[in-house]
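Listed below are the structures to be examined.
Each of the next two complexes has chain A plus one more chain, namely chain B in the first and chain C in the second.
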Partner chain A sequence: MAITDDVLVIGGGLAGITAALSAAEYDTQVRLISYKQSTLRHASGLIDVLGYTPDGQGPLANPFDTLEELPVGHPYERVGTDAVRDALLFFDAVTDDAYAGGHTDANALVPTSSGAVKPTARYPAGVESGLASDPRDTLLVGFERLPEFNAPLAAAHLEATGVPFDVRGVTLDFPGIRRDDAKVIRYAHILDHDERVDIGRGETVARPVLAALVSDHLDGESRVGFPPVLGDDNHDVVRRDLEERLGVDVFEVPSGPPSLPGLRLEDLLYDALEEAGVRVTTGVEVVDYDSSNGHIDHAVVDRTGQRVPYQADEYVLATGGLVGKGIDSERERVFEPLFDCHVEHAGDRYEWFDGDAFGDHPFARYGVSVDAELRPQKADGTVEFENLRAAGSVLGGYDFAAEKSGSGVSLATGFIAGVRAGEVGQ
Partner chain B sequence: MSDAAHTPDDGVSSDDEFDPIQVFPESTEMDLRPGADDCYKCSTCDTNCPVAEVDDDFPGPKFQGPEQWRLKRTEDHDIDDSILKCSNCMRCDNACPSEVPLSQMHNTARGAYVDEQMNKLSREYWRNRLLSNYRIMAHLGSKVPRLTNFVMGLGVTRAFNEKVLGITSEREFPDFATETFREWWHNRGGAAASRDRAQAARTSRGIDGDEPKRIAYFHGCYSNYNTPEVGKALVRVYEHFGYEVLVPKQRCSGTPMYANGMLQDAKRAADTNVPELAAAIDEGADIIASCTSCSMSLRQEYPELFDIEDVERVSNNTWEGLEFLRVHEDLESELQGTTADVPELAYHAPCHARNQGLDGQAIEVLSVIDGVDVEDVGDSCSGISGTYGWKEENYDTSMKIGEDMFQHMEGASGETGMTECPTCSMQMEHGTGYEIRHPLEILEVALLEGPEAA
Partner chain C sequence: MAYDTTVLVIGGGSTGCGIARDLAMRGVEVTLLERGNLTHGTTGRMHGLLHSGGRYAVSDQASARECIDENIILRDIAGHCVEMTGGLFVQRPEDPDDYFQQKLSGCKECDIPARVLSGGEAREIEPHLAKDVKRAIEVPDGAVDPFRLCVANAIDAERHGARIETHAEVIDLLRDGDDIYGVTVRHDSGPGKRTHKTPGSTEDITAEYVVNASGAWAGQIGDMADLEVAVRPSKGVMTIMNVRQVDTVINRCRPKGDADIIVPHETTAILGTTDEEVSDPDDYPEAQWEVDMMIDTLSELVPILQDARTIRSFWGVRPLYEPPGTGTEDPTDITRDFFLLDHAERDGVTGMTSIVGGKLTTYRLMAEQIADHVCAQLGHQASCATADEPLPGSENLEALETAMDDFGLRSPVARRSKQRLGSRSQEVLDTNEPNPVICNCESVTRAEIRDAIEQSGSDLNAVRIRTRASMGNCQGGFCTHLIANELVDEYDEPTARAAYDELLQERWKGQRHALWGEQLSQAMLSYALHATTFNADGDTARSGQAIDFAAFDSGQSDSSGGTTGRATTDGGTQRTDQGGDR
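So, the complex of A and B:
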């Protein structure tokens, strides 16, 4: 017996989760299957739609002014501007008050840990009071043993970008952390549970001590930015507690992996999956499939040695790009490893990349090409399988790192793939 | 892209034939270099480590795996003793986006640490050896179960265990059953009786009598000595579907031994298990385990750690109890319309079940049964990790890790727990006082005791 559902979503990142959630809006049994943990854990937790045009113009004040002008084959061009709006509304409904930015089409400018400013469409509520468009003076706080965020350096970089406020950075000892390579989840756990800490003045609890340490450095600033370690499960409580104790707004400055804001978003979305009745299977890989006449009959999952068939009417491929391994390469070719969907690429591998490390790399745009229904296409433009759709960074035709469009493409294509699969699968 | 065998070929025409150069010598030993090289230091594993979250002294899986392996290439570099703080939950395996075999690296490093650096006369060594060879203790204890249960429950015994052995006095030893699973099995008539029952079930189901339906049950230590009701449930449920059950000779799956770095003990047990299970496979049986750490060990750790004939075949034919039925029978239709009068259940998916893709299974399958109300208590680790939480020095860490699960269990409406893993079950009971059931027991109630079954 195959394990049977109406819709099977392969891949557990932002695109896969969005597809599963939007398919579950229909009268369907949806299953999401995810092998390794998604790149959401690497992600900043920011939801960008479009920060720069494909030819590098920007930062864009309003991504929607440019969406209509994107080249044919770009994922946004495939699904259309309305789909991007619908997907963002859907995201806003799922995340509720955990995310902000839905009040406007315009990009927000969020300071990041390197002191750069990132144009983004939605951002965690805990980032909101740190926006670069807000003219209030700012204190950034880094921690001695947490090299991911150098607050004085970030402050200097921010000033150099011309932000409309004064910003200073200080580096403090985090109460309760003694080892040099403590994990970010350790910091978060101490604050989440307000653990007892010993800082040489007798035992006390973490949050009041941290607030007292920061308070000594406040010099009229009305907001303080921290690296994104302010709690995990109890993030809101931690942030509000610090705000009350300091009497100023507290925000997080998003940073690179591993990233608690990305992890919190992942937790929130997986809770939403459970709420929506989506069945979730993790830790095992889809390795094969069986099809006839251009119709996928079932996928084959390797359950640590056993090949188990998973059957559905509709399938969504959301296995990620080059980092997530939804697109892979050998010396001779670039390919999509599961269904072997066509991936357009140069025959000569020396044409896959640019000589300049920060140049315009063709490989960044490699991925499957799809029709307007998001069905992967063969080289001749016919569909690979009538009941397979693709979403997220497995798609080709865009460079998410340069455009700052990764999350938006995952949301928009995930949403549409889920809606189409749900319509058919119900 | 990192490519160790890559020659500097800038400017060379791609039409030229490329001959890969052998940089590293061929090795007959297990080679973990590709695993170490695959790590691009994203630290996703570290964000999944339940120990690093609560224990300041633990440097996390990325260090214990690829970094420690690389350090070890240097002469005179010892393995860091923090390797013993790893609880072997294996969550990092599931986390890594780059196929680094983290638990294999941890198991290997821990084995080397115990072999080369641990004092064989130390209390810690003998305590760990005792804990990891639970089966031997259990075997002796179960000869006189009532006496053993009485003695193990005594305050003086627990004080002795803590002071002399370093086994925490906070926990109560699980009771030994007055009749082990194997004793029950033999008294019931063994394989011959099972063949008759299976045949009767096949006849009443109208299945062709010649069709071989056979499984070999790997009961492990715990359902043999402590919870034979789980083993009995498995036997009855499988016979209900017409499967003839074999119960091969077997020793510990090895899980507690890897976790304590006792790889030679684990290998000795595997040297018994693999040929016995392979012989059952030759007779047309699939291997079924009711404990998800046992199935994990046979499936993943055996082929990763041991070069034994048939080890791959055993791995490829091993299933978890519910999983096999779900794939080979129409379990959902069978359960439609069944009823089970059981209390509301708070379900915890063991870490090792997650690694086998079994995390949602129990709830998906059991929810079909009328009267069964199961709530998932979330994805946190229970914190006991086999023998880990039994050690005096780990008890506090273990309970801190378990705090999330305890809270979610208290928050769930049911006051009975459910899980597949025996030691998770100990921790659930210890933290909440709830009685803990196994999914197979619920299945047994629905299929064999409900009104439909009657």
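So, the complex of A and C:
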């Protein structure tokens, strides 16, 4: 027997969640179905909209000055600038005070663990006091057993970018961590629960001990940056507790995977899905579909070997790009594996990439092309299916890594795909 | 005259490092010059096969005998570089029976232990062999880590007083009449360990005797003194798989051909190879069809290769040589034997000998013979000890397991470290400092990285060949920055950044030939991580571009700056001048 909803969103990343949430604003039953873990855990938790133009100009102080000038086929050009604004407002409403940056159109420059600054439109509230345009002197704190963030190196790198403040880095032993290979979640839990640690300094629980260690190194700085391990479930409490004990602002420096800020965002968004009444099915794969007259009738889901039809009026394809396997490739071709939507690409695989590691890689722009309604198009420009829309990095026509536009495109296209699907599906 | 050094060796591959070690152990003062990293030429670009001699048992029995002798010696003196996987010569139904018989009798004639297995028995050893393989000959092939082997020779040479200079390119031979008395060398960053962004210098180094051990580049060195050394560089492709589909060396048992060997190597399997003469060992085409042929042809032996994931491909250049007048057309027919060319005898120019041809398995023998020759020229009485003296890392290997703790690491990590470090494990890993894993794919810890940095300076490719860090599935995507971070105690930030950029680029270079399926996804992830989160492509520390920080958001609560919606005034600079940006 088929499982029936009004809107079926395939994919559990930022685009899929946004699509499900915005579709649920209408009088619809929405289901989100996801297979693997989303790539949010690889992401820094920053919400970038546009940091550089497609030809490399930047960092852009204001992404909205440039959105109108993007080439035809770019996802932002498809949905329009107003959609980007609407999607950001929607995101701000969903995340409430967990995220900041909505007070201005301007990009923020966020120091990341490498010591470079990254232009971004929204950032976790716990990142705010670390922004590079804030001229206060800064102390960065790294930990011996967390090789990802080398604080003295990051500080020197930041100074090399010309930041308007002095910055130093120190490396400390994290209280309560004895194992060389402890995971970041372990650090976060020690702080979350203020676990007992005894390093013979009088204090016996984690947060006061950490604050005392850091305090020894403060030399007039009014803010301190840590790797993003300041709690998981109680992140706010941990940060404010440290701020109180140190008497300075405390912020996190976003880093690469595994990324707690990405996981915190994921948790927050899944809570929002539940609140919005979206049905969520995880850990199952869409393996097939049935269609008639250019219309998808149902998707076929593999549930422990059983093929179960999932039926809806409207479908949103938010399966991700090359990383998430929403776009896949073989020696001879690049393709969209679920509905076999057309993916424009060079025939010779040696033309898929550039010889330079940060060159102009065609593969980074591979994905499905869509009409203004975000419906995937065939090579001849006609739509693949009347009731299928695509959102997020399954879309082609932009290089999110070079532009720093990945989250913004996921939000804007997810939002519009959800709105359109919701309008039709209600 | 007083010379700067007694013997000067050109080339830091296995042969050059072997010669430096041999001479140094005999008490000869020796200086070795390598233009890149150790192994930079052909040694670091081979399939990692420790020959049993089986491959040459029909066509080149002299080489085959040398191989089995050296195979046995290397297991002994370089145990920590060798994995005795065993090897199979596998016959498919369409492969000729008479060649199978010749191979078998050839092995016996050369004293290579060989036994015949039925197809079923062969598949019991290697379950992924094709169902229709007919039979196989089992021989004592093995896998050897050329990086570890070469570096161990260099370390031991240094222990015996040798001077080893990497990133030191010979740009001229010093010749006075009919005598060669030294070289002019260009240091990438000055003598000693390489430091990124340090200006270089040139130096004349005089020597009583010069050994040209530059392999495929021996002709170019010869040219500097108007001597003709007719090496015939021949390229071959090797394709690295992400896992070991086989644990035994698999050879195709047919007369000759491309794509006929699979070597299990560390965590990977390496497919090889082609054989095509090239005019310039530094500039030759690396073609898609070569990679495709490795996969398609070797899938006839091991069908799961067809859809398996490859992580990169690389090409090496063999330093083939044949005496003038031989005139062999096809490079696959050129002998794999080595030749010692004394330019005094050959050209009437004293002071230099070139060594050409040969292969990694016989590097020690080549080094012994040339060291004998050099000692004879110098009138130096000393005998060779390299066949008996274990290399650093291979001393008392049998006692290692029992004598060592696991250094508080998870045991799989400690096991991998021990495999790489051998008897040096305790010295390197026994640290009181925190020792987190830096490269997860290959389980390389901070202590190993720092040991390698101590040996080789700020060059992360040198760290890579010593530790295997960044050589696994992610190809450095998750660890390049972590390895670079480890430089910070000794080097400044711009040096660490330059080293990071260089390693990332090197890792990209080989992956380009594997960019489809899983590895293209991996490449996109790596690109996204380094460009998105670290903004390495748009980084203004690299480009030197000035940012108007006041034009950007400084936070809602900040009152000191932070305007809204103002366009950047200086953001229009192209990011193309530095740092490899788009």
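Here is the rule we go by: the second predicted complex is superposed on the first by the 422 of 426 C-alpha atoms of A that agree within 3 Å, B and C clash if a C-alpha of one lies under 4 Å from a C-alpha of the other, contacts with A are read in each partner's own complex, and residues count from 1 in each chain.
The criterion applied here is as follows: a contact is a pair of C-beta atoms (placed from the backbone, for glycine too) under 8 Å apart; a residue touches a chain by one contact, two chains touch by 3 or more.
Keep in mind the model is a prediction, meaning the values are calculated, not measured.
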Practice problem: Using the touch definition from the top, say if A:K325 reaches chain B (first), chain C (second), both or neither. | Solution: both
Exercise. Once the structures are superposed on A, label A:G220 by its partner contacts, choosing first (chain B), second (chain C), both or neither.
Key: neither
Quiz item: Can A:G381 be said to touch chain B (first), chain C (second), both, or neither?
Solution: neither
Quiz item: Of the two partner chains, chain B (first) and chain C (second), which one does A:P164 touch, if any: first, second, both, or neither?
Solution: second
Quiz item: Which of the two partners, first being chain B and second being chain C, lies in contact with A:R349: first, second, both, or neither?
Solution: both
Exercise. Please work out whether A:E274 is in contact with chain B alone, chain C alone, both, or neither, and reply first, second, both or neither.
Key: first
Self-check item: If touched residues of chain A are counted for chain B and for chain C, the larger one
Solution: C
Exercise. Would you check which partner chain A:T304 touches, where first means chain B only, second means chain C only, and both and neither mean what they say?
Key: first
Quiz prompt | Intersection of chain A interface sets (partners chain B, chain C) | solution = 42, 181, 257, 323, 325, 331, 348-350
Self-check item: Touching residues (chain side chain C, partner chain A) in the complex
Solution: 288, 292, 408-410, 413, 433-438, 445-446, 478, 481-482, 485-486, 488, 492-494, 496-497, 504-505, 507-509, 512, 515-517, 520-521, 523-525, 527-541, 546-558, 560-568, 571-576, 579-582
Self-check item: Partner chain A, residues of chain B touching it in the complex
Solution: 14, 18, 42-44, 46-49, 52-54, 56-57, 59-60, 63, 94-97, 99, 296, 299-300, 315-319, 323, 326-331, 354-360, 364, 376, 379, 404
Practice problem: Within their complex, state which residues of chain A touch chain C. | Solution: 42-44, 46, 48, 51-52, 55-62, 64-65, 100-101, 103-109, 112-119, 128-129, 131-135, 144-148, 150, 152-153, 156-157, 160-164, 173, 180-181, 254-257, 321-323, 325, 328-331, 348-350, 352-353, 355-361, 363-364, 400-402, 404, 406
Quiz item: Which positions of chain A touch chain B when the two form their complex?
Solution: 1-3, 33, 36-37, 39, 41-42, 176-179, 181-186, 189, 233, 257-258, 263, 270, 274, 279-284, 301, 303-306, 308-309, 323-325, 331, 348-350
